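Below is a structure I'd like to ask you about.
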Amino acid sequence: MRLEPIANPSLTRRLTLPALAIVATIVIASLLALIAGGNPFAVLGQIIIGAFGSKFALLETLNRATPLIFTGLAIAVAFRAKLWNIGAEAQLYAGAVMVAVLGTGALQLPAPLLLTIMALAAMMAGAFLLLVPALLKTRLGVDEVVTTLLFNFIFLLFVSYLLEGPLKDPMGMGWPKSAHLIPEARLPRIVDGLRLHWGFALALIAAVVVWVIDAKTTLGFEMRAVGQNAEAARFAGIPVTKVILKTALLSGGLAALAGFSEVAGLKGSLTLDLSPGFGYTGIVVAMLALLHPLGVVVAALFVAAIFVGADSMSRAIGVPSYLADIMLATALLFMVLAILLTKFRVRRD
Amino acid sequence: MSGVDSAQPVLRLQNITKRFGPVTANEAVTFDLAKGEVIALLGENGAGKTTLMNILFGQYTADEGQVSVFGKPLPPGNPRAALDAGVGMVHQHFTLAGNLTVWENIVLGAQPLHAPRLRAGAAKAKIRALSEEFQLKVDPDAKISALTVGERQRVEILKALYRDARILILDEPTAVLTPQETDALFATLRKAIDLGLSIVFISHKLHEVMAISNRVLVLRHGKLVAERATLDTDRAELSALMVGAETSAPELSRATPGAPLLSLAQLSTPPIGTAPGLRKIDLTLRAGQITGLAGVSGNGQAALSDLISGLVSPQSGTFEIAGSPVTGWTPRTAIAQGIARIPEDRHKTGTIADFDLTENTILETYATQFSKRGWMNWRGAKAHAEALIKTYDVRCSGPDARIRLLSGGNMQKLILGRVLENAPRIILANQPVRGLDIGAVNYVHGRLAAARDAGAAVLLISEDLDEIMRLSDVIHVISDGRLSPEFARGTMQPEQLGVWMAGDGFEGENHAA
Amino acid sequence: QDPIKVAGIYTVPVEQQWVSRIHIAALAAQEAGEIEYTYSENTANTDYPRVMREYAEAGYDMIVGEIFGAEAEAREVAAEYPNVAFLMGSSFKEDPTLPNLSVFDNYIQDAAYLSGIVAGAMSESGNIGMVGGFPIPEVNRLMHAFMAGAAEMNPDITFQVSFIGSWFDPPKAKETAFAMIENGADMLYAERFGVSDAAQEKGVLAIGNVIDTQADYPETVVASAIWDFGPTMTAAVAAVKAGAFTADDYGQYSFMHVGGCYLAPFGTFEGKIPQAALDLIATREAAIKDGSFTVTINDEEPKSS
Amino acid sequence: MELFEILTSAAFWAAAIRIASPLIFATMGELICERAGVLNLGIEGIMVAGAFAGWIAVWAGMPLWGGVSVAFMVGMGLGGIHSILSVPFGLSQHVVGIGLTLLATSATFYTYRVMLPEVSTPPKIDAFQPFPIPILSDIPFFGPALFQQTALTYLAFILVGVVSFTLYRTPLGLAVRAAGESPAAVAAQGLSVTAIRMGAVMVGSGCMAVGGAFLTMSAFDSFFFDMVNGRGWICIALVVFGAWRPGKALFGAILFAAFDALQIRLQQTGIGAVVPYQVFLMMPYILSILALIAMSRRAEVPAALMVPFNKGER
């Protein structure tokens, strides 16, 4: 079997294949639902209802997409420069920790100022957390896949320590969580009474900013050059090490914004289970987007819609809610395959 | 040459056609290869030579046509079948696993995968015997990554011989070889012919073609356009057949050397891997002069090139550019000092394969010329690239094409344009024509000569002694990190340079110093 | 009367001991025709408010679950659905301004205390090992009560305490227990799955917690402090049916005097427990039930001694 | 207990070996994949699936070794999914791996819940029991530390030998290593890179699944959600730590496990009372990173790791 590039893939091809991926996912989900005693024919409808069926559902989907946009951007930026950052989860928590440190009363400032400071501090924390593996990579050649992965475990334990120690809410009745943010430290909601908050808007802005950096600035050019061919970049005079470190700062900072947005916008306090793996799902989102910053927004919405819709569907038809994760995984795998096949033809030989 | 038995073709290609999307790489190519015969396959970069050989070896599948070996048709797209039928191929870009040893690379795939044990001892013994017989000296236990290019080539040939190849395909085997290594290779090939093997040989170097082949086939745009018995043709005719028109080497005017632009005195650099660093060398590059650096690869050329490129800093000694010592030496300062650098490996160091032509053109100048306070000036960059494509005659679909789609010659033209466009004072040209067809070679040489006439100091590093002697106003020889004195044009014969290349001229010098 | 519709929302799978008690009580109530029950497990706290809302929108009468990690948001959702009863595990107390949300927790320190007495009496080395998941109040308070009970029986007793940082890693819990046994423990407090297995394999004893596992470890588990969520469920369901559900602390239904917790029958260890211990247990149990003795609730992280 | 006393006790080393066993299986699995050029981030999910499959098979009446085989087959199947996507289609190994972990984990939990809806404590099986090897187990210190383990632990060690032998002493192993170094070289010698890589990923995934099954069939005797608890990710680090060599990776696994066993014990010493328990839990991870830094200069990454190979391209 051999893949042959298609010079100009037709629009039909580019639309049909992703659609087929979704159909295949739905078919598999329906079969699984049938096995568990649910109504297979209700699967599709219930997913749509669950993800988009009401203002609440739609906003929940956007809400779920918010941290994924941030982590997706973080991964996209890093992967473009071939910095394999698997540690967005830890960087997210680093941002969240800064919010819990600064936003619970330590700083008494007007909301715009406080939020800005918190966001910057969060970004710095996340950036620092990725800077360490990046330095280990550039200075000592230590594989960053492993260090960033291990940092996830280490940092989560550190957060656990903070939440049972210095950051523990004195009013929290012993449960390991941080104190509540003061009102000035909260990102306001976009729609009253529903959870969607301005973190979503911030995520969209971040995507545009990253896209601008990527397409319009020298840093973007340098990051891509280093990612594509570090040797040629070094020869051409691009400061490769510096670029990798800058990439790390940007990527870590973006991932940390996910933590900022989740704590300041959604939860109002830090717990150990702030993120159900947004850092890892960010990898999926970024790759679905082919590492394009604006594509990340679309991919995050897609992933969020599948998850929220499928989760709600599993309740509606009474099958175990693990079906939502199965659907997410199958949709992802089928979708990346479909995207590939829009650009390549399979030839047998 | 004797022994050609044309009555009985060992290999027959019939009507081979291969398309890559819109490109027709081979069109209805038909030829026979006789036992003991050497066919030379000629053609410009991108003419379809490699593609044709890949089809014959089963790595590509032809869209039409048929390959037969010893009268039996080969199943398409199956290298294993080709190997079993006795076809061995030495690829243009080596196919060796760097982290494995020589014998492991050779044995790979030769013993059935389900065999319970690797028979290392027997394999090494067979390799030693073959080495002996074909004069292919190489240590079976050495790691590929520690070998020189010439040694790797020998491993490639051993791979084919180990599997009892009866037909050898060599795709530009000499592009990366020194003259000495080329001679050794030819000795090996003659030995193989004597033993009844048949050979298809691809090269852009016509004197080699004339020296080794019985028959010459010329490909142009995928089509077989001419077939000549080697004895009935000459270099001029062949180059005309290849390019489709006459092409000639540039005529060099008399040199008018000017002020020293770059001078090294007693300069040393650290070694690079197994290759030596520079050992207390003295070198002066003058305006309006081409300085040729002859030598067997791996003798410190890389160190000198890296030094001048800005990739390494001197360990000791003085390094002056236009009379002032260099400080904070990086590629960027080198570029700022007006050094144009043509790297040895255009694929790995010269270009970024998946970047488009515009991006590749501005790799060295985006910061100084095509951006303002961190913002890229893409419009300017693209205009610049378009102009460059025109001036340097880069054949491509436009500035938005990915550079990986360019042939080596066109890639090299783009690199030339990129560095010459800034009116450099000093030009470092490291193997500037490796792998290029004659047309491209003449073009590149012409450009270098023009730059020299405009007052640039040129350092030409090459293993091709012909090229060095033809182009250089003065010549140095490098050997084991040491540099010979300067020899003016016409004062040295190739044999004399060869003595220095072998490291023999230095003895007396060292004692005297 | 028709069964009411109840939905459970749990942040861990229903195998987790604490949650399993709620789940089992709900299944029992369903069996009894009191409720119609459905549940979502392993719901991330991020998703918790959304799931609450979905159930509320779907017309469920009562939602039971745990909001330790999503207190503020969960209360907000509850406020929006005043007609739905929320019965939630929480570290906080009920809020009169939020009349449809009641709280509960596993206040089974009474039973834990009594199980501690058994442990204190049965440990010969005077060295007890305790393996916990995380030092959260629900775990800490039971450990402290257990330790107090054991210390009352044997003041010289020492404790080894470890947390494994996970709810579900029986191999790790087991290894931790092995280490404690090596270190002299002959009695283990089995807060996590895996601990009793280590005890069984090494021939030492264990005390169960929250659930009764003696059937699985007949030679090992001496006694268990059992949490029975039944009384809580019954009270809440009755209140909903009567239209009388209001903000309340259902934690009281976990207390011993209402049968929310008890010391499991000694079963295979009947007759093997020293009389002194049995006597002390009897006295304390009676005192607890009549209110003359209160087991201290201490939510701090317990440390080795 | 003092540090010296801990480190010289046979029980401590027995624990280290026990803790290491599942890691050894999975690390060998990952090593096989990476040696062939494929980073398999599906490892965590494959271990979950293996843990479940082996256990449920035994619970359904199969013999223990039958359960191990079932786990291996399930791992092969999941490896098959991974390899189809990552090898002939050349999709990003990061995406395929993470997607597969998600898929395997959720599918396992789903299956569990569908098969055992009413159970609130999972059923137990008769797991592998320690099997003292005659004579050897009587050697002082080494006997109790090494030779009183379960059969699966012995198998883990045998596996290291088999992997080592296969990689370095057989034509197949040479082909696998070459596929991870230079697929073009493999193709030029008439071998199918696709078949070699797919085979390696499938067999490697099978080993990972057996690593998971160790948890439910030897370390413990029933299955819980989340019980793999990040062990798969550790194995990725162990492969790098072991510089892609089976022997070194085995050493790494035992070292990691020893630190784990040590931190468990240190929690009960004097410092355990003052230092938060999280610090102990961090210890093995931090030491892994330090060890990696120490090793970094010498490691030889398979040159074609994460590089897809498509013979239509150059």
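Labels A, B, C and D are assigned to the chains in the order they are written; within every chain, residues are numbered from 1.
Everything that follows uses one rule, which is that contacts are C-beta pairs under 8 Å (C-beta built on N, C-alpha and C of every residue); 3 or more make two chains touch, one makes a residue touch a chain.
Protein identities per chain, from UniProt: A, D = Nucleoside ABC transporter membrane protein; B = Nucleoside ABC transporter ATP-binding protein.
Everything quoted here is computed from the prediction, not taken from an experiment.
Peer 1: For the chain pairs A-D and A-B, which is connected through the larger number of C-beta pairs in contact?
Peer 2: When the contacts at A-B and A-D are counted, A-D has more.
Peer 1: Rounded to the nearest whole Å, what is the centre-to-centre distance of chain B and chain C, using the mean of the C-alpha atoms as each centre?
Peer 2: Taking the mean C-alpha position of each chain, the two centres sit 76 Å apart.
Peer 1: What is the distance, in whole Å, between the centres of chain A and chain B, each centre taken as the mean of its C-alpha atoms?
Peer 2: Spacing between the chain centres: roughly 46 Å.
Peer 1: CA centre of chain A versus CA centre of chain D: separation in Å?
Peer 2: 28
Peer 1: In angstrom, rounded to a whole number, how far apart do the mean CA points of chain A and chain C lie?
Peer 2: So the centre of chain A lies 36 Å away from the centre of chain C.
Peer 1: Residues of chain C that touch two or more other chains: which are they?
Peer 2: 42, 135, 165
Peer 1: Give me the residue numbers in chain A that touch at least two other chains, ranges are fine.
Peer 2: Where chain A meets two or more other chains at a single residue, that happens at 4, 157, 160, 164, 320, 322.
Peer 1: Could you list which residues of chain B touch at least two other chains?
Peer 2: Correct list: empty.
Peer 1: Once the touch criterion is applied, which pairs of chains come out as touching?
Peer 2: A-B, A-C, A-D, B-D, C-D
Peer 1: Given the complex with chain A, which residues does chain D contribute to the contact?
Peer 2: 39, 81, 85, 88-92, 94-96, 98-100, 102-103, 105-107, 109-110, 113-114, 194, 230, 233, 236-237, 240-241, 276, 278-279, 281-282, 285-286, 288-289, 292-293, 296-297, 299, 301, 310-312
Peer 1: If you look only at chain B, which of its residues touch chain D in the complex?
Peer 2: Touching chain D: residues 58-60, 78-84, 89, 91, 93, 95-100, 104-105, 107-118, 159 of chain B.
Peer 1: What residues of chain B sit close enough to touch chain A in their complex?
Peer 2: Residues of chain B touching chain A: 21-22, 61, 76-77, 309-311, 330-332, 334-335, 341, 343, 348-355, 359, 363-364, 366-367, 371, 374-376, 378.
Peer 1: For a test of understanding, state which residues of chain A touch chain B in their complex under the given definition.
Peer 2: 4-5, 7, 216-221, 224-225, 228-229, 231-239, 349
Peer 1: Using the touch rule from the top, collect the residues of chain A that touch chain C in their complex.
Peer 2: 50, 56, 60, 64, 157, 160, 164, 172-177, 180, 193, 195, 262, 266-269, 271-276, 308, 311-312, 315-316, 318, 320-322
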